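One structure is given here, and the rest of the page talks about it.
By written order: A, B, C and D. Residues from 1 in each chain.
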Amino acid sequence: MDDWISMPLVGFPLVASIVLLAFVSNTNESMRRRLANPIRMATLVFSLVLLTITTGMFFQYFGNVSWEGISFNNYEFLHRYTWMESLGIHWSVGMDALSFPMVWLTTFLLPVTIIATWNEKNGATYFPILLAMGGALIGVFVSLDLFMFYVFWELTLIPMFFLILMWGGADRKYASQKFFIYTFTASVVMLLGLITLYFFQDPVNPLDYAGSMTGRTFDIPTITQHALMENSNGNWYLGANIQKVLFAMLMLGFLVKLPAVPFHTWLPDAHVQAPTGGSMLLAGVMLKMGAYGMFRLPISLFPHALQYFQLALLIIGMVSLVWGAIVCLGQTNLKKMVAYSSVSHMGVILVGIATMQPMGWAAALFMMFAHGIISPMLFAVCGAFKHHYHSMEIGAMRGMAKHSPWLATSMMFAWMASLGLPLLAGFVAEIMMFIALWHFLAAEGWSVFWMVGPALVLAVTAAYYLWSMQRTIFEGGDETQPPSSLHGEPVPDIANPEKLAMLILAFFTIVFGVMPWIALDMMHDWTIQIFEGLILPVLGNFNGGA
Amino acid sequence: MAGTEVTTTVHSEWMQYAPLIILLPMMAFAVILFLGRVFNGHPFWKKNLKEGGLIALPVMGASLILSLLLISEFLKGYSGVEDIFEKIAWVNTGIWNGGSTTESVSFGFGIYVDHVTVMLLFVASFLCLLINVFSIGYMNTDPINDNRNHRFYAEFVLFCSGMLGMVLADSFLWLFIFWEIMGLCSYLLIGFYYERPSAASAAKKAFLTTRIGDVFLMIGLVMLWDLFGSLDYAVVFDTHNIEMVAESSAGTLQWALGLMFIGAVGKSAQFPLHVWLPDAMEGPTPVSALIHAATMVNAGLYLVARMFPFFGAEALHGDLDDLAFIIAAVGGITAVMAAAIAFVQMDLKKVLAYSTMSQLAYIFTGLGCAMYLANTLDWHHDSDAHYIVIVAFGASLFHLFNHAMAKGMLFMASGSVIHEVHHAHHHLHHDDDHHDDDFDAQSMENMGGLASKMPITATAMLIGSASIMGLPLIGGFWSKEGIIANAWRVAQDDPRFLFPAMCVLLGAAMTGFYMSRMWLKTFAGKPNNEVAAHVGPTNIWIKTPLFILTFVTLSSVLLAGMGFTHWAADTEYSFLSEKNIIDGILYEMGHAFANSDSFFFILTYVAIFLGAIVGPGVAMALYGGKLADGEHAKPWMRPVIRLSAWVNKRFHFDNTAFRESSLATALENRLYIDEYYDKAMLNIVAGFSTKVAEADTEVIDGTIKAIESGSQSLSTFVRSLTTGSARDYILMVAVGTLIISLLIWGVA
Amino acid sequence: MSKTTTIEPFTAGFVEALSPELILFAGMLLLILVPNLGKGTFRIPGTQTRIPWLLGGTRFKFSSDPRLPAWIASITLGSAFLNVLYVFSQGLDRVLIVSESGKELLLINGFSRIFELIFFGALALAAFSSMNRLQVKGIGSKIPEHELYNNRRQADFYILMVTCALGMSVVALAQDLFVLFIGLELASFSTYVLVAFLKESKVGVESGMKYFIVGSVASGVGLYGLSMLYLWAGSLQFSVLAATFAVSGTTALPLIGIGFVLVGFGFKVSAAPFHFAAPDAYAGAMSPVAGVLATASKAMGMIGLVRMLLIVAAPESSDGSAVWLVCLGAMAAVTMTWGNLAALGSDNPKRMLAYSSVAHAGYMLAALTAVGAWNWDAAVAGDASAAAVAVMTALLFHLVVLVAFKLGAFLVLSILESEGGASRLSSLGGLAKREPLLAVAMFIFMISLAGVPPMAGFLSKLLVIMGIVRVAVGDMGAEISDGGIYALGDMHWVWWLALLMVINSAISVFYYLRVVVVMFFNEPEEGREGPLPRGWQVRVAILACVLTTVLVGVAGDSLIRLCEMAAQSLNYNW
Amino acid sequence: MIDPAWVSALSALMFVIGLGGAFTRKNAIIVLMCIELMLNAANMQFAAAAVHHGDTTGWVYTLFAIAIAASEVAIGLAIFLAVYGQHETISLDDVDILRN
């Protein structure tokens, strides 16, 4: 057996969590309390198994696969099993250097999240749901079939919905529904786009893996390959007009997921209400689904449309970047601020994409990865803050450095990482985005004023993070009382599992900040491959920029 | 492109260990932080390891030794352009220029050594070690620091790592990276007393203000990258590459360098980004000494000095003179402004802070002038011009060196004073908790007449002040004269430069005044209060670095004689190659005091008159005075004190009118600049962001909510059509029948 | 496709062909007889001799068991269902039953069989789970004795269920519009009574009355349409109507007649504006009955529409679009939007499900609309009939899986209803705490209704959208490969129906999720904290629905193929 | 013999009256009568068409339709009775607990 994806990475966590949940839901309250610990241990072990597999894949232990040098639209561990033959649906999985870092990230965050939220209430159901979340997320990243991709895309909503609804804050009812409906709305439009794309295939000369009933296929590698073919008139198979429509429809789904301004308002609500574990996975991996999807589908399939919408993407990216940052500055809720900072960081990804530069894309990919490590830490800090001080207001607790040095240090570290301190993971992506953006602007003769936004954001980001730290970590000497929300209880520091999780996240933030090439080299390779395999052949001939 | 170039010549085995200069402190950071977290409060940790101080010390010592080895290797003739060890391909990526291929791009890390590097390297590693020693004496004896010194030492060594890394890095990118790490450490150290709101806001202010500069720096770097396709010094300083860039985009290059200069302005606390530096004195004194006087603020200067090859490039001849002027002008403005504010400061450290700003501004002016000269003179071919350019550049670097040494010393000395005043206060009031009520140990109001009580400190302070003032033959004199002379030399060429030239000349007098004022108020006269009268001598950890630095400052005459200004500026002049020391000194003195050019001859004496006579004279007239009866200063300080007493008696005048003038008020309020900034932050930025946040919830999310509530009310309306009466249902069936029939019939 | 066997009634092969219906007939007789078995005697007139004839009198113990009728009905419907399945597994023969005069009466083929599957499946599940729903003496009951129903009332209920099934299967089989109408009326009358069955409650009778009176008007209009068509064509045979329509279909008489007939069927599928009585009926009826209305009854109406629109008023192959295209498109758009909007604010879960049922009718109408445009692009004739088949497949698939999750949802409500009402959303409160698996089942039904993968509802919606898009895009793929450049405007406008449909699905999530939130978030209502009423039958039925929903969702290929086969067997005219 | 067209016209009139009456009258019984009117309109049309086409099937349809109408009345009256039992009215406007 060399299919290391289907059962080990996707099937196993999903099945395990369903079995655990089914088992738990047949027990009574007290039994469930007793089961919490064994189940927690079990899910931790399961998630560590997943991490072992993906890490083993990185070190070429499983499958002896190199993540560099995979030419565009080729995949490692590629396996297809017929699923719904009549419609051309296959269970087809595979990874390339685009998806592998995301899969690793998911498997990495899963145990970390479990550790960070070690004492979450109703553990017997909580931990299996986390596991299911992980399985669904991995499913999104390894899917190489449009149908399968969409199924997992939506499947991720369900565990997250329950995480928010069952373990969330006071307003969780509203937030969980908003999260679900908002992202679902966008993705059904995307679904229509996918289906329309599906029918822009030639049933007379069906592609490989075509369904018996429809004569078309959902297979992504095949479609991607097909989209690049020239027809008898020398036009691209997918004409520029239809590319634009499909691009826009697909992008809507991804932009909402990312999220980009003005489709972002579900995010702060979801984050503020979500439990720590939910936030960590939501910010860490789920947002990246949007960026991943952009690369996997619209960009790989509709290069013409990408070129056409370049300016629009740039504008949306810039607006997200700037708007998110400025809104952060006006927040009084710690978690909301962090949530908006995610919006801002996702803007970096969009701007990176809009540069149409390998460097910009590599920056976007690395930002996905780096933000995937940093933002869970941000939310772990927020969660710990909430958990220990029963409040989320900036300023509710001052002088944290004195009362809770561990939490203060973690917060300081996470904040600094997020504001793009060099030698921490986020910086590399930011500087690369800057260079790529400038290079693009200079080469195309676009106005320099495009730089004002990102430049402003650098300063504003520092401002809101520092300002919030001033009002939480600093100040408040002996005369300052602990927050009233503690009701006179002694001020606690974070618990040991939380410390461990923070240390792990901090360690990897540093590792990928100091040695970005570990992940960046394969991402860079992917961007070069897509440029040489797709962008240059398609756009290179008549590049006139925008 | 430079990409993944591999090493060329390796001079000595151990040179491969040069990265350890950076890595050792960095690792020490983690070790101290971790051990401190774990063993905090443990007696062994506290007493024997000085809460990490004695871990940092050997590490900094090792860094210094490695640095010295590197420097000696360089002085032996290592040209330093090549990389010392195999470059790390840090980031590999690619760009697309619209053609049919992509180009690969790489950002690597390596070490680059040249004359500017070694000078800064020595300054940084030497001062870091001394301040480490000082810190052990200063930090560990203050109960307020108990059980948190590990944080200090950890952040301190990380800072050192950043500084050394910035100096050694072989590209602007890594310069920037280490630059930011220094910024972080500066932030953490200023906020060391995090519980004080003033420290918290000072830390934030420092980080934010420098961050604004950094943003421009980053954009400048990005632009520079786009011009050269690399940020490696080896590439961007390559004559051929510069020629290529000069052909097409000299203007863009000037913009790029200009933006980078804004970064330097922020880091070196120049107008208008100077506001953070005085506030940064909230940090512990070693921090002020290290970061905000001796090293970090030099980073900006280092960056500007690094740009010299562009200005000196033949291909860019005359293209960058505007930028050179701006650099000089910013320096000029800051020099006068900071000095003026220093006039009215009562806080010992604040005076030094403004002095730092002012002196850094001198260096900027000097660099600006040197760059103007390099950019406009034909110095590659004309040996006279070459000499002029080199001396101008060298003088600026020399002033950097002198100022770093002197200011480091001054801060340490001031720290020692504050430390002892603080102790005396405690002692006197039998205060066992460390609440300082209203007593301000840093205020000169609480000092006076300390010369006899703290002889070493007073001496150090005296020498340091003299160096800063540019008293003839001492320390900064050599470099300062050079800067003033060059400013005027340029002003002869280009009338724009009259402004900075006037500024530096005026600044000389002002420096003379405020430095004298500070020394006199602290050490001369009678103790201002009971506390000052009870101050005792300091401990050995504090004395040692003061001792060493006093000698270094005094010995700058030797450095001058060794041709520092020449070899620090250009590799063509090697260390000690020209003349022997005595000849060198005589030459320099002749150059300074008996210049053949009558203009510069007069200028020298004007400057000396202003800086050494007018400034101190006025200060003595106002603040001079004898020590208290029975107190005796050391012999070498006695003349100064007596002189001051005499001048005070003879020329004392009433300056109340000035003190009550609006100008003095403005100066006390730092010319209201901070206030305007705060207002702008509060009203514009904070106000705007609140509005935007409101817009986010009201407009964007409001739209979503409106859609939701709109569909809900639409739902209510739709459901209200289901009236419950079967008659209406039948009516709808009838209507539907009609519509369907008409539609089908009509379409057909 | 297998060849058609033509037989006359009561000749060889008739029994085999109509075995499910005969099973139903037998079951109906049993339902009438068995519960009446007793110690009844017949006194020979003029004598005192009493001959036991086993009817009436004191019932035997077994025949007085109030669950007996339910068992009989369940077994009857179940075996009819299994019979159809068995027929499917044996491979289908097309059997056409004609009258002696040669008129086509009933046609047994894949198309009609799959509808029988829907009808019998839905009714069997409803009957089986009603065993707990209609209270019976002493079994799992917390309700006082006087509220319990006796076994004769039970028998009535189940007889109506079986007659309903019988009527529906006639609709599925009919080849003559009037036969179809008779079947429709048989089923309708049964459902009228079933809806009004709770005559002890105000809402029960009210819903029955409304459903009856509006339904009667609709079928009156329909019958009048029938008469117009008869006047025009001289026959109500589908084959004749279709042939005549192709010749002279564009005159007023047939067009208005078709419009009138559509009203009759439109009511059954609860298309706007004929849906008004549906929410009231669903809300007042017992949940299993409402479930039947929402699934089987709707499928029955859909047969009528398919027969009328696709067979009689077939889209002409010459210029492609059918006469009713705009009309049906508008109706589809209005129906799905109306249903979803109305459901959005509904606090009564049953009304909500009713409106959602209206919305689903809209989706199906959209699919039918697409079939009407099947041949809009003359250049793509080759693949177009396949496109039409694809849409029909989607329609059938949707109707089949709807039984699983829509009826399932009603069955979950029925448990709550037997506890004391399910007419407020809050009555679902805390279901996750009270019976987690039931809440999970309801959750699965809800997201399936919303069309969230990987549930069957998603697959059905996907198929419908795929069908519509396929028609809209036509064979552009091949066109493109020949060098054309196409844009959105080159597609047929039915594509916008697909867009409207996905937007509507997004709206629908809102109210489906609200149910989930109430179940998992809210506390139980006052006095409802305890365990739910017992009863394994309804839970088994729900389990069956859940399994179908999930399994079809993740592995629906065989069902798709089955539906495709059925769709192909529809005797299109093109 | 009367031209079947006249019968058709009459039946159309009856249908319109029936349909119009169905949504204008409140009393359920009268509405039921209107429905019967509609059904009978259809019957007449069937009969007329049967005559017109000379097709006996039309008469069969009529017979079945009459049967349908009869059972409809039976069911309707039974339901109305039950409604009256609960609501004590059979006015369509007043039986409106279920709405929205």
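The working rule: contacts are C-beta pairs under 8 Å (C-beta built on N, C-alpha and C of every residue); 3 or more make two chains touch, one makes a residue touch a chain.
If you're wondering where the values come from, they're calculated on a predicted model, not measured in any experiment.
Two chain pairs, B-C and A-B, are compared here, and A-B has more C-beta pairs in contact (counted per touch definition above).
Using the mean of the Cα atoms as each chain's centre, the chain most removed from chain A is D.
Averaging Cα coordinates per chain places chain B and chain C 80 Å apart.
Rounded to whole angstrom units, the spacing between the C-alpha centres of chain A and chain B is 39.
With centres taken as mean Cα positions, chain C sits 43 Å from chain A. Between chain A and chain D the centroid-to-centroid distance comes to 64 Å (mean Cα coordinates, whole Å). In chain D, the residues that touch at least two other chains are 19, 22, 28, 31, 92, 95-100. Contacts with at least two other chains are made by residues 719, 722, 724, 726, 728, 730, 733-734, 737 of chain B. Pairs of chains meeting the touch criterion: A-B, A-C, B-C, B-D, C-D. By the touch criterion stated above, chain D contacts chain B in their complex at residues 19-20, 22-26, 28, 31, 92-93, 95-100. Contacts from chain B toward chain A in the complex involve residues 37, 89-102, 104-105, 173, 176-178, 180-181, 184, 187-188, 191, 194-197, 199-201, 203-204, 207-208, 211-212, 214-216, 218-219, 222-223, 225-226, 685-686, 688-694, 696-697, 700-701, 703-704.
On the side of chain C, the complex with chain B involves touching residues 209-210, 213-214, 217-218, 221, 249-250, 252, 255-256, 258-260, 262-263, 266-267, 272-274, 276-277, 279-280, 323-327, 330-331, 338, 341-346, 507, 510.
Across the complex, chain C meets chain A through its residues 382-383, 386, 390, 393, 436-437, 440, 447, 450-454, 458, 462-463, 465-466, 469-470, 473, 475-478, 480-488, 495, 498-499, 502-503, 505-506, 509-510, 513-514, 516-517, 520-521, 555-557, 560-561, 564. Chain A contributes residues 178, 182, 261-262, 264-266, 323, 326-331, 356-359, 362-363, 399, 401-402, 405, 412, 416, 421-423, 427-428, 431-432, 434-439, 442-443, 451, 455-456, 458-460, 462-463, 466-467, 469-470, 473-478, 480, 516-517, 520-521, 524, 527-528, 531-532, 535-536, 540-541, 543, 545 to its touches with chain B in the complex.
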